[in-house]
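First chain written, first letter: the chains are A, B, C, D, E and F, and each begins at residue 1.
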């Protein structure tokens, strides 16, 4: 019988962002995003939990080595977003509003090609300890 | 392809309660609920996590605005239960034992009508950092 | 040279309470204590951190055995307050308003006689994760 | 309509372990497990979250009494693993590498016979605050 | 005998910032501040703990009402810094490098005039869960 | 006027240990240390908070760069103790019982020579989330 186990690794990065759409008026941006639309950016300590699900390898007892997840996240996500301004400094959010939802989808799309096909991947992203998202749901 | 994302918002309230059934003897209440049945109530800092799942809006990048969840919980849950005695002060637990399970179900039923039909709703309720429940499972 | 070390042990209890003074009007109690004065009580998961400071014993390397602190707190504090209504069920708060400040002072006074004279004692009490007190300051 | 609720109880134990396979060379163990293969063991504060899912009992309002879960975990898991060396002191990991994945599966198998057939069981195990697993996934 | 108690209240705000000195070269800023000097800002979820020490009022049992601290911090600190860019949007950090140390000193100086002379004030500021400061030490 | 600020940096390491004295009988070790004396070791996720107190540098606004503390702790403490057996693998605890008190004193003594003379140093060490120590007190 198959025994699927989920493995979680928690990482973090700090970034600045602002929520707004350049195609909408300042008034409309304020109505939609409130303080999050303020022009000079604010920021967060993003906590990122990467979940990989699969069967433990019969030799190692690992689904995947958590250090491997950590290194992958370091290379593909932290190097890209840590201490950056998501709106100004990244290709990914040039035309995409950096809501927690969209950041989680972007992180998933960046990591998915590097995870084995037989493994499932899920991203949880904490924007603050009280606001967080999960993708895919 | 549909991209469903789960959005979580954490809130809290403080309340007194006691677990007991008026139709059972004191002895039977003590056997079932132990110290939780003591007559003069005890209390908890309840931590409440509301999860709403759906597709991000293509304009805003939000499934729902977390501030909207926060305001809804404030109006429908916190105003009703915060700093209250669940057994004495609320309509909901007049005839229903205020276990964590039942409180979560009640909160779900109070919020569900206000969440869009295409969105899923789930409640996690921490009675203490070591005891918590989730509904629907 | 003397090497004083502080040893901390964290415990918890759940209790109901209400803040009010019977010698004041309902209006005055409401002005002073707001929702905390509501008549049917509310409650908290109190987190209690007991700090004992002294020199490590040259044989054991302990200032005091943390299990000894835990047992002492269990016997003198948890048995007395856990799952109780502080206003109704305890001698200590019959005539004393159970603010976090006063609860901390009462806990200190209950534990101090059992701690060695050459050791210092300090109490930290969390009423919620955002409201806490320390005594003596 | 059925109303399934998940009930969670958090416990902990401290243990020593080392990741290695006696049938592999020291070099191969180092390649697979790095510092986790060091010969004299290291250790963790394991945080264990047990999830039981079912319908609340119409009398008590409990799926199961959380104190019952706590007592069960105490008897079947904590007594067995707490303050032990998983590789040397336990039957379960004599021939099984004590990765977080395998520990979670072992705990599940030890608890499953004691949980009602109509209830689901799931184990979450934190090896560190940043590394954790869940079984079944 | 005087019984001084410390009362703590935890609040938070999110802000963008960057560490650099306009009077130094880019190279020198990079040497001193590394990634924190990147030109387009990054950000943090700042957790702020305000400590007020004094004797409990004999009538209320409060040193100060924690809600009063919370309202004061809201008015003087959160309104000023939350969702702002500390370098661009605030008077305080126009000519002062917004290190955690300097932010804590600025917050102290903003709050001190509003705290009673017989009360002591101390600020703890978490820039991340792993980096924090306290003033005065 | 001097403005002293305390700067804190949190790090962690995992280690195995056992509390016992070779010059005492097994019975006496059991009486003194209980389960902590079990012969095959157990282990902990140690959380280490290093506090350095001094005046912020007028140029940088730093008391010390937190990255510098982090690197120092990495080199002097983590490399030495992480994934090690404190009793068997370290010089420091060959003849010293590795209680939390003694580990904190040893860490202080290892770091103190590397911290500027005008700065104060204090160590807080969490053996578990409920047991921790501070040195000097």
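Here is the rule we use: a residue touches a chain if its C-beta (ideal position, glycine included) is under 8 Å from a C-beta of that chain, and two chains touch if they have at least 3 such contacts.
Please read all numbers here as calculations on a predicted model, not as lab measurements.
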Same or different residue numbers at the chain B/chain D copy interface, by half rule: different
Farthest-lying chain, centroid of Cα atoms versus that of chain C: A
Chain separated most widely from chain F, comparing mean CA positions: B
Repeat of interface C-E, chosen from B-D, A-E or B-C - more than half of residue-number contact pairs shared: B-D
Distance from the mean Cα position of chain B to that of chain A, given in whole angstrom: 28
Approximate Å spacing (C-alpha centroids) for the pair chain A, chain C: 41
Distance from chain D to chain C - Cα centre to Cα centre, in angstrom: 34
Junction residues of chain B, two or more chains touched: 129
Overall pattern in which the protein chains touch one another (line/ring/star/complete/other): other
All pairs of touching chains, each written as two labels joined by a dash: A-B, A-D, A-E, B-C, B-D, C-E, C-F, D-F, E-F
Chain D residues touching chain F - in the complex, by the definition given at the top: 12, 14-17, 35-36, 38, 40-45, 82-85, 88-89, 128-129
Residue ranges of chain E touching chain C (in the complex, touch as defined): 3-11, 53, 56, 59-63, 66-67, 120
Complex contact set, residues of chain B against chain D: 19, 21, 32-34, 96-102, 104-105, 129-137
